[in-house]
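Okay, so subunit A shows up in both of these, paired with subunit B first and subunit C after.
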Partner chain A sequence: MTSHVLGVSAFYHDSAAALVSDGRIIAAAQEERFSRKKHDPRLPTSAINYCLEEAFIEADELDAVVFYDNSLLTLDRALRSIVAGADGGSDIWVKSGPALLGVKPFISEMLRDALKADVPVLFAKHHTSHAASAFYPSPFDEAAVLTIDGVGEWATTSIHRGSGNNLEAVEEIRYPHSLGLLYSAFTYFTGFKVNSGEYKLMGLAPYGNPKYVDLILDHLIQLDDDGSFRLNMDYLGFVDSNRMTNDRFNDLFGGPPRTPEARIGRREMDLAASIQQVTEMAMLGLVRRARESTGCVNLCLSGGVALNCVSNGKLLRAGVFDDIWIQPAAGDAGGALGAALLAAHQKFGCARPEAPKGRDRQSGSYLGPRYATGEVTAFLDRHSYPYKHVADLDALASQAAELLAGGKIVGLMHGRMEFGPRALGGRTIIGDPRNVETQTVMNLKIKYRESFRPFAPSVLKERVSDFFDLDSDSPYMLLVAPVKKERCLPFELDMESDDLLEMVRVPRSDIPAITHVDYSARVQSVDQYDHPFYFKIITQFEKRTGIAVVVNTSFNVRGEPIVCTPEDSYRCFMRTEMDALILEDCILLKEEQPEVPEDDSWKVEYELD
Partner chain B sequence: MNRQLFEHHPAFGYRFIPGLKARMEHEAGGYLIRANQTGFRCDHEFDAARQPGRKRVLLFGDSFTAGDGVSNKKRYGDQLEEIVGDLEVWNFGLSGSGTDQQYLIYREFAADMDCDLVVLGVLVENIRRVAARFRPYLTPGGEEQFLGKPYYSLEQGKLVLHQVPVPKEPLRKDELPDDRVNPGGRMPWLREAVNKLGPTAKEFIQRVSGYDPVPDYTTPDNPHWILMSAILERWIAEIKHPVILFPIPLYQHVEESSSSDAYRARFAELANSTDAMLHDPLDDILSYSAKERRAFRFQNDIHPTPAGHRALAESLAPAIRKALSTSDAS
Partner chain C sequence: MSSTDKKATQNDKKLAKFWSDLLLPAAKQLKRRGAELLDTATSGSSWSKPPSDVPELSELSPAALADHLQARLEAEGLSELAEIVPNMMELADELRPSAQTDEEVNPFVYVMH
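Let's turn to the complex of A and B:
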């Protein structure tokens, strides 16, 4: 008999649900995609609904619901922190008390009430959920699993050893010593939003000079030879106040934090470069430790810090492990998937499904909803939006490639939505990477931001080495690699300037829209198995241009959750200056659409990270 | 957030998106919808060959038959298959439709179908939809818009069809050419006000005020009844197979807060004037306790719960057996 297990993560940030049947991942999605509220932390009722829809089962057919976190242990840690926090403890209590006592103790009841079914509710440990999300879908039969995040219950860093169905905890570093929280402290200090702006800090790092590395190592974090680390809480506020940093931290780095509205200056760039370098040093130490303590030759990574694709690329090149696999939904959303997999394999004894040769069990992370042609045309017909249905996907890919080669920007909603923060061709905006204008147009007319971050390239798997120094697949856009030297153009980064936008506009390679100021790129390798249509588009683009790369940015405007439905996609298409939209196998041209009134509502709907 | 369920159809307004699979969020947790390739919420494809020894029933109706609020397998049509045995029920139910649209569905898809029996599951409220030319719906953005529907008028005793092909474009309220809108109940402003008081107060007010949700049945010469009965008479006359007329009561009738006498009398008269067999399930339903009957609808949604569907199926099953055996004998 089939066993169905639903995993749920919620009540911190980025809530999600995932469904595993007989050990196979059937569905996974973040609630924000349905609720349209970025990082939505609420009980993911719509994501749960979607998971049951995808499996096409009733709620009472579930064998268990597994919550990704043990609330009692979290409460224990919070209470001890509050007690330890002395005067500042009351501030934390005011902030975290309602969530800890108001919601989390009642999770079982809330889940059963949402499902209207008397289903057993189980609780996994936070880091075990993360570790399971990385190990079970990986292509490895045996692997070390390193999880690094802010904090989950007590653990901030953990090493597990996975083998077959088993996943055993090896060791952990406990709160408050947290690499994730240290990185978030710098995210906060440099004026970005904690738990969502970390990727901006990472993108800022190449502009900076890592001149604060010694200061950080002398005062904030002690990296030990055995790979462990300790934070000096004298400079950090998260234990005894509701701020990430304190006055001593300000004094150390020359003044108060940047306010979100203030211009990013040289200090922020140098801080970004410095904490990035320290993070890479710490991660390398932890990776070596994982190698020693498990004896495994393969590594799985998870936890929010595993989204630091710059570090990941360097870890791969360091060669400590033979191979590395990173859970694409490495943050808390992925905990839902891990919790479900953990119960499926350990409680219900499901065997791990065979991984296709040389591939993982994550199905390209295309685990979200798909909208069939009939649903797309029903939507378009209802509103009388002009479109062309092109049933022949080769012809449609060819038309898309022609538009791209002509400098047009194309929105692409095709197939199942991605699980995790990256758009991988399911809900993506694509453009021509050769065009120096692409980055500016995409930033100013599509994303409505003036970003210092370049866009990411999607490259045919077979052509990766033509463009990047990368020996490995990177299907989930989690590895940063150098652009091939012969493609790069001479460019001197002015380390004294603080005009990011001037720097970002200087061409640095023959694929300028995706080349960062340090000649790196956040690579997505695309193969014909997981997303054949995206593969076709890039193949057709290569036929026309000789370049097997397209620019890929997530299908959303600044601060908006990535689109999910045809309606979300059409709305975003019409709000921006995209030229064409592909909805499954229908294509819409902007010039043929009815005029819509100027719509700036997204500016108030969606906050900056 | 739920998926879009329907697509436009020029002959009868709209249908389920062919091949759709969806789960709808609902106060009872959620329910699964599967539509076949013809665009009806039915697990059977409508081009399937006859199975030896298995009877086939065609079932028509609105959301009570299509099964709003419950998964396909829990609907009375599907439960009949289990209760009667060796039976397949082809469900043509369409949420929100009137008897006029259901008749047009029959003409579009079912008139020449090979079957043993046709069941017309007429929710008694459908009489109001027959009189309507537009129906409201809420856009995902929360705006109320109005979709045209096909409708009949009686002109010199003959049914005349209007608004076909059905327009695709929704209209805003200020664009409506007339006020022939069926808002899904009477006096929507009053309903909204009473709903705000909560279900208990609403039921109390309905009971003490003698509220009649369908006064159109009060006399045989009511124009809405004359129109609806004309459509049903023509429909029954066109069906080449045995027909069961199955009037489905509203919850006010099930819970006895409103009198059912008028509508029952009208359907009895109609059955007498046609070849249709009448199966009125209300007596069977009233044999349940008041508490059980309250559980036949959801807390807020008035559609039948799985238990409500079961009660309808158990009431209808003997009539179906009898109709099928009669047709065998003849």
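Let's turn to the complex of A and C:
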């Protein structure tokens, strides 16, 4: 008999649902994509409905619903933390009380109410959910699993050992010692938003000089030889205040935090470089410990810190493990998937499905909704939007490549939506990486965001080594690798300057739009199996230009969740300066679309991230 | 003031009262006797074994949650906190309706606690 398990993550940030049948992943999606509210933490009712629809089942056919976090451990940890910080006053208690007490004890009932079905509700441990999300979909039969995040229950870092369909906890590091929270403290201090701005800090790091590393190691974090670490809470505010840092932290780094949206200066760049280097040191220690304590030769990574793709690339090159697989939804959304997989394998005894040869069980992370041609054309016809239906996907890919080679920017909504924070060709904006202007145009006229952040390349899997020093697949854009030396152009970064725009504009390789100032790139390798149409577009682009790479950025504007539906896609297309839009097998050109009235008010619709 | 705002203010008052009547006195008592609430030492290995009393997958009704939490705090020598768990669950029940509304919880507060 088939077992159906629904996993849910919610009430923290990035709520999501995932459905697993007989140990096989059927669907997974973040709520924000449906609600259009970035990092939506609410109960993911739309994502749940979508998962049930994709599986063609009703809620009462579920064998279990598994919540990704154990309320007992969370309440225990939060209560003790609040009492430990009691000298700081009642502020934290009053602010967090409604969410903590008003939600945590009642999750079973809330889920049953939402499903309108009396199904068993189980609670998995937060880090076990992360670990399960990393191990079960991986291509490995046996692996060490390292999970690192900010905080959930007590654990902030954990090591598991996975074998077959079994997952065993080995050891953990507990709150308040948290690498994720330390990184978030610097995210806050440099003026970015905690829980969403961490990747901006990572993107800023190559502009900086890591001059604060010793200061951080002397005062904020002690790294031990056994891979463990401890934070010095004298400098951090998250136990006894509702701030990440305190006055002592300010004194250490020469003044108060940067005001959000204020100009980024040399201090912020150097802090970014410094905390990045410290994070890499800490992660290397943890990875070595995972190798020793499990004896495994392969590693799986998850937890929010595993989204630090710069560090991941360095871990791979360090060679502690033979191979590394990283869960693309490494943050809390992925916990929904892990919770469902954990119950499927450990409670219902499902065997792991066979991994396709040389590949993983995550299906390219294309686990969200797909819109059929009929749905797309119905939407376009209803609004009388001009489009061409091109049933021959080779011809459509060729047309897209022609536009790209001519310097046009193309929005692409094709196939199932990605699960996880990265756009991988399902909901993507693509451009020509050879064009010096592409980065600036895409940043300022399409994404409406700071322009220091680099774009990522999507490269044909077979051509990765022509462009990057990378010996491994990187299908989920979670590894940063150096651009091949022979492609790089001489460029000296002025480490005294704080003019980011000036630094960005200097071409650094023959694919400047995706080459960061340190000659690195966040690589997505594309194969013909997981997303054949995206593969075709890049192949056609290569035929025209000799370059098997396109620029890939997520299909959204700053602060907006990545698009989900044809309607979301069309709206974003028309509000920005994209030139063409591909909706499944239909193509729309901007010049042919009806004019929309000038109205910038939508830009305030999305809270800045 | 909207009904949502009124509710939030009432909740704040309830939480503040709980703080001053129960939580703060418990915190003071725990501090006086040097009870360890968090491991904040700045040196030494921080590796621990995962708690063996919590299964990887468990069912948790509100009553079971309260019982387990109380037992856990008691076992760790934090009887001052264990004693207030029943009151805390009563307060949780009162706060519950507001948490069921569609309002977003401040993610910054959430990451902390």
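Everything below uses one rule, namely that the second predicted complex is superposed on the first by the 606 of 609 C-alpha atoms of A that agree within 3 Å, B and C clash if a C-alpha of one lies under 4 Å from a C-alpha of the other, contacts with A are read in each partner's own complex, and residues count from 1 in each chain.
Here, a residue touches a chain if its C-beta (ideal position, glycine included) is under 8 Å from a C-beta of that chain, and two chains touch if they have at least 3 such contacts.
These figures come from a predicted structure and were not determined experimentally.
Asks: After the subunit A overlay, clash or fit between subunit B and subunit C?
Replies: Result for subunit B and subunit C: fit.
Asks: So, A:S133: does it touch subunit B (first), subunit C (second), both, or neither?
Replies: neither
Asks: Quick one: is A:T245 in contact with subunit B, with subunit C, with both, or with neither? Answer first, second, both or neither.
Replies: Touch status of A:T245: no partner.
Asks: After the superposition on A, what does A:L115 contact: first (subunit B), second (subunit C), both or neither?
Replies: In the superposed model, A:L115 contacts subunit B only, not subunit C.
Asks: Once the structures are superposed on A, label A:L52 by its partner contacts, choosing first (subunit B), second (subunit C), both or neither.
Replies: first
Asks: In the superposed arrangement, does A:E567 touch subunit B (first), subunit C (second), both or neither?
Replies: Touch status of A:E567: first partner only.
Asks: Now for A:E375: first (subunit B), second (subunit C), both, or neither, which partner does it touch?
Replies: A:E375 sits against subunit B, while subunit C stays out of touch.
Asks: Thinking of the overlay built on chain A, is A:N556 touched by subunit B (first), by subunit C (second), by both, or by neither?
Replies: neither
Asks: On the superposed three-chain arrangement, identify whether subunit B or subunit C touches more subunit A residues.
Replies: Touching more residues of subunit A than the other partner does is C.
Asks: What is the contact status of A:H39 with respect to subunit B (first) and subunit C (second): first, second, both, or neither?
Replies: second
Asks: What does the superposition give for the shortest Cα distance from subunit B to subunit C, in Å?
Replies: Closest C-alpha pair between subunit B and subunit C: 15 Å.
Asks: Which of the residues in subunit A come into contact with subunit C in the complex?
Replies: Interface residues on the subunit A side: 11-13, 37, 39-42, 66, 70-73, 75-76, 78-84, 86, 90, 92-110, 120-125, 128, 150-151, 154-155, 158, 167, 169, 171-177, 181, 184, 194-195, 222, 224, 226-233, 238-239, 242, 289, 342-343, 346-347.
Asks: Note which residues of subunit B are touching subunit A in the complex, please.
Replies: It is residues 1-4, 6-8, 17-25, 28-30, 32, 34, 71, 140, 168-170 of subunit B that touch subunit A.
Asks: Within their complex, state which residues of subunit C touch subunit A.
Replies: Interface residues on subunit C, with respect to subunit A: 8, 11-12, 15-16, 18-20, 23-24, 26-28, 30-31, 37-51, 54, 56-62, 65-66, 68-69, 72-73, 78, 81, 88-89, 91-92, 95-100, 102, 104-113.
Asks: Applying the document's contact rule, which stretches of subunit A touch subunit B when the two form their complex?
Replies: For subunit A paired with subunit B, touching residues are 34-35, 45-46, 49-50, 52-53, 56-59, 114-117, 371-372, 374-375, 377-379, 381-382, 384, 564-565, 567.
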